[in-house]
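Letters A, B and C mark the chains as written, and numbering starts fresh at 1 in each.
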Amino acid sequence: MLMLTEFGKVFIFILLGAIFVTIAIIAAKLVSPNRPTHEKLLTYECGENPVGSPWVKFNIRFYVVALIFLIFDVEVVLLFPWALVYKGFGIFGFLTGIIFLVILGLGMAYEWRKGDLEWARPHPIPPELDKVLSKKE
Amino acid sequence: MNAELILFIVFALLALFASVMMVTRKNPVLSAVFLILNFFALAGLYLLLNAQFIAVVQIIVYAGAIMVLFLFVLMLLNQRSEEKILNGKKNLKIFAIIVSALVVFQLAYIIFYSKPSAGLAPELQKSVQAGTVEQIGHQLYTNYVLPFEAAGFLLLAATVGALILAKKKFE
Amino acid sequence: MSIMEIVVITLIKIVAILSVFLLSVAYSVYFERKIASWAQNRVGPNRVGWNGLLQPFADVFKLLLKEDIVPEASNKPLHTLAPFIALLVAFSTYAVIPFGPEVELFGYKINLVVADVNIGILYVLAFTSIAVYGITFAGWSSGSKYSLLGGIRSSAQMISYEVSMGFSVGGVILLAESLSPVKIVEAQHGWMWNAIIQPIGFITFLVSSFAETNRLPFDLPEAEPELVGGYHTEYSSMKFAGFFLAEYANMIISSALITTLYLGGWQNPLVDIFHIQGGWAVAMQVGAFMIKIALLLFFFIWVRWSLPRFRYDQLMNLGWKVMFPLALLNIIWVAVLIMVFKI
């Protein structure tokens, strides 16, 4: 006996969505012209020939953000089962959750205090008129 | 053939395909793509086992958070120099082959020499219902309050440790 | 109901939702341009069709017929995969959002939702967390410095706000005692809207959705003056249209989610006040859902054409130092509310 669970319906939905997107991309491939030239296929860099490797090194802070995110994401996921059955457990459930949230807040406070949440700020140095003038001379 | 079996085969084949592709790709970012696909196939398998919470965690945490971290690291590293390191080391390949052969042997041993159980025991039957988020929430309150809070402390330690290491390594 | 009937009904629902959804995506582009032109005292699109009403179709066909330029430096499979992921994720989320109550039609009891999944909210969050990849892959695979920087910026932004989004949802789950969107809507009966009970969570979720959809004031990844087109600098033709449509699809999804989680979904207080029954009640409820989404969409567009862009450090500070603590506060607030008032 075949059964269609709710997950099955979601599965069909995703499948139909995927088919639709594939058709759109393939249709574009079929009807659009394709006349590549070397210049056309160059990477855009303000009209100049691209300089150096496109995969430049970026700021390490992005990595630190991903690290912090990973830890808090796990905590969010752990909090969902708690939130779901919270009402049935009264003051006991309340204390369990609050202790967990306090521990979580401690980690947050540590990062805040250590400056890991700070992002590099721009420090604009306004040009001083007399310096600019003296340089030119 | 029931639908469950068909879906199991589909997801299992997908997982297998994804992991083979992951190992054989030269480009580490492409490997990461196939690892994500593998996680999805695993999530599908978990769903078939009625382990809904684990299936979702598999996607939110593994595919959505850990792989983002991986990708950031892969994008930070210079992949050309990475390839050079691997090309110069033949011993590493032999070592890898030995390790994987051992793993295959172990798996084969478990599969073929363990006693097949005839149907599910009543306790196991109960555990089929244990995968829903409600069940896990109830368990967290009744039997596993202490581990729940301990996990909180573990994550706190992870926060502190990871940040110290990340800073030391790169600055 | 036999299995065949269930399958047919489901298919009808899916096709209906997908087509309505696609139409509304196309027309939200049109309305964005119209509202922008009102905000800037211009006329806006008015040539194709009556008052430019056919403009979205003209745009799509134009993009369909353009040459697809894949740069030599790019990674070709990933370059195609990225818009695919972006669009698929944008479409798939809609499967669990209810747009009306249970109705009786031709003797069948039909739930006005594609799938009443008991972990629907987690499903939505899972797909939100996958949405990062569309942009990350686009940035990395294009082989362009602008794309890479835009992609990285965008993924860092999205993951930062995902955490506060998750915690805000925690407050909703506390009240509704369920992860199913259908039950969450039912729990907000009458005026028990979550936006009224937990306004902090509502605001954090709203701001996080703006950041997740990369809309102004959070559209750093495509900040034109510094990054050209951001992650879609090297995209053209249908693939570009994919990202473009995904942005609007995400906007509609976010509006629908905010409505479902905080604004009572299809609940329409008027139905109870005037004791309306039967078909009219359902029509009014579905209508209320549409109107709520339309108002939120208007809000999205209005904000875009009114506010300037954040600086990147301001954006990160807002995410981690304001929204995240506020979302935590919201959970504690709801927990205390439940303790004190036993709601």
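Going forward, a contact is a pair of C-beta atoms (placed from the backbone, for glycine too) under 8 Å apart; a residue touches a chain by one contact, two chains touch by 3 or more.
All figures in this text were calculated on a predicted structure; none of them were measured in a lab.
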Distance-maximising chain from chain B - centres being C-alpha averages: C
Between B-C and A-C, the pair with more C-beta contacts: A-C
Separation of mean Cα positions, chain B and chain A [Å, integer]: 21
Computed distance of Cα centres, chain C from chain A, in Å: 16
Centre distance in Å when chain B and chain C are each reduced to the mean of their C-alpha atoms: 29
Per-residue multi-chain contacts in chain B, two or more chains: 53, 56, 60, 64-65, 68, 72, 75, 133
Contacts with two or more other chains, residues of chain C listed in rising order: 118, 122-123, 129, 140, 148, 152, 155, 159, 162, 179
For chain A, residues contacting two or more additional chains: 2-3, 7, 55, 58, 62, 66, 68-69, 73, 77, 80, 84-85, 104
Residues on chain C engaged by chain B in the complex (per definition of touch): 75, 77-78, 81, 118-119, 122-123, 125-126, 129-130, 132-133, 136-137, 140, 148, 152, 155, 159, 162, 179
Complex contact set, residues of chain B against chain A: 2-3, 47, 53, 56-57, 60-61, 64-66, 68-69, 72-73, 75-76, 78-79, 133-134, 136-138, 140-141, 145, 148-149, 151-153, 155-156, 158-160, 162-163, 166, 170-171
Chain A-facing residues of chain C, complex: 3, 6-7, 10-11, 14-15, 18, 63-74, 80, 83-84, 87-88, 91-92, 94-96, 114-118, 122-123, 129, 140, 142-149, 152-153, 155-156, 159-160, 162-163, 166-167, 170-171, 173-174, 177-179, 228, 233-234, 237-239, 241-242, 311-313, 316-317, 320-321, 324-325, 328, 331-332, 335-336, 338-339
Residues on chain A engaged by chain B in the complex (per definition of touch): 2-3, 7-8, 55, 57-58, 60, 62-64, 66-71, 73-75, 77-78, 80-82, 84-85, 89, 92-93, 96, 99-100, 103-104, 106-107, 110-111, 114, 116
Interfacial residue positions of chain A with respect to chain C in the complex: 1-4, 6-7, 9-10, 12-14, 16-18, 20-22, 24-25, 27-29, 31-36, 38, 40-46, 50, 54-56, 58, 62, 65-66, 68-69, 72-73, 76-77, 79-80, 83-87, 90-91, 94, 97-98, 101, 104-105, 108, 112, 117-122
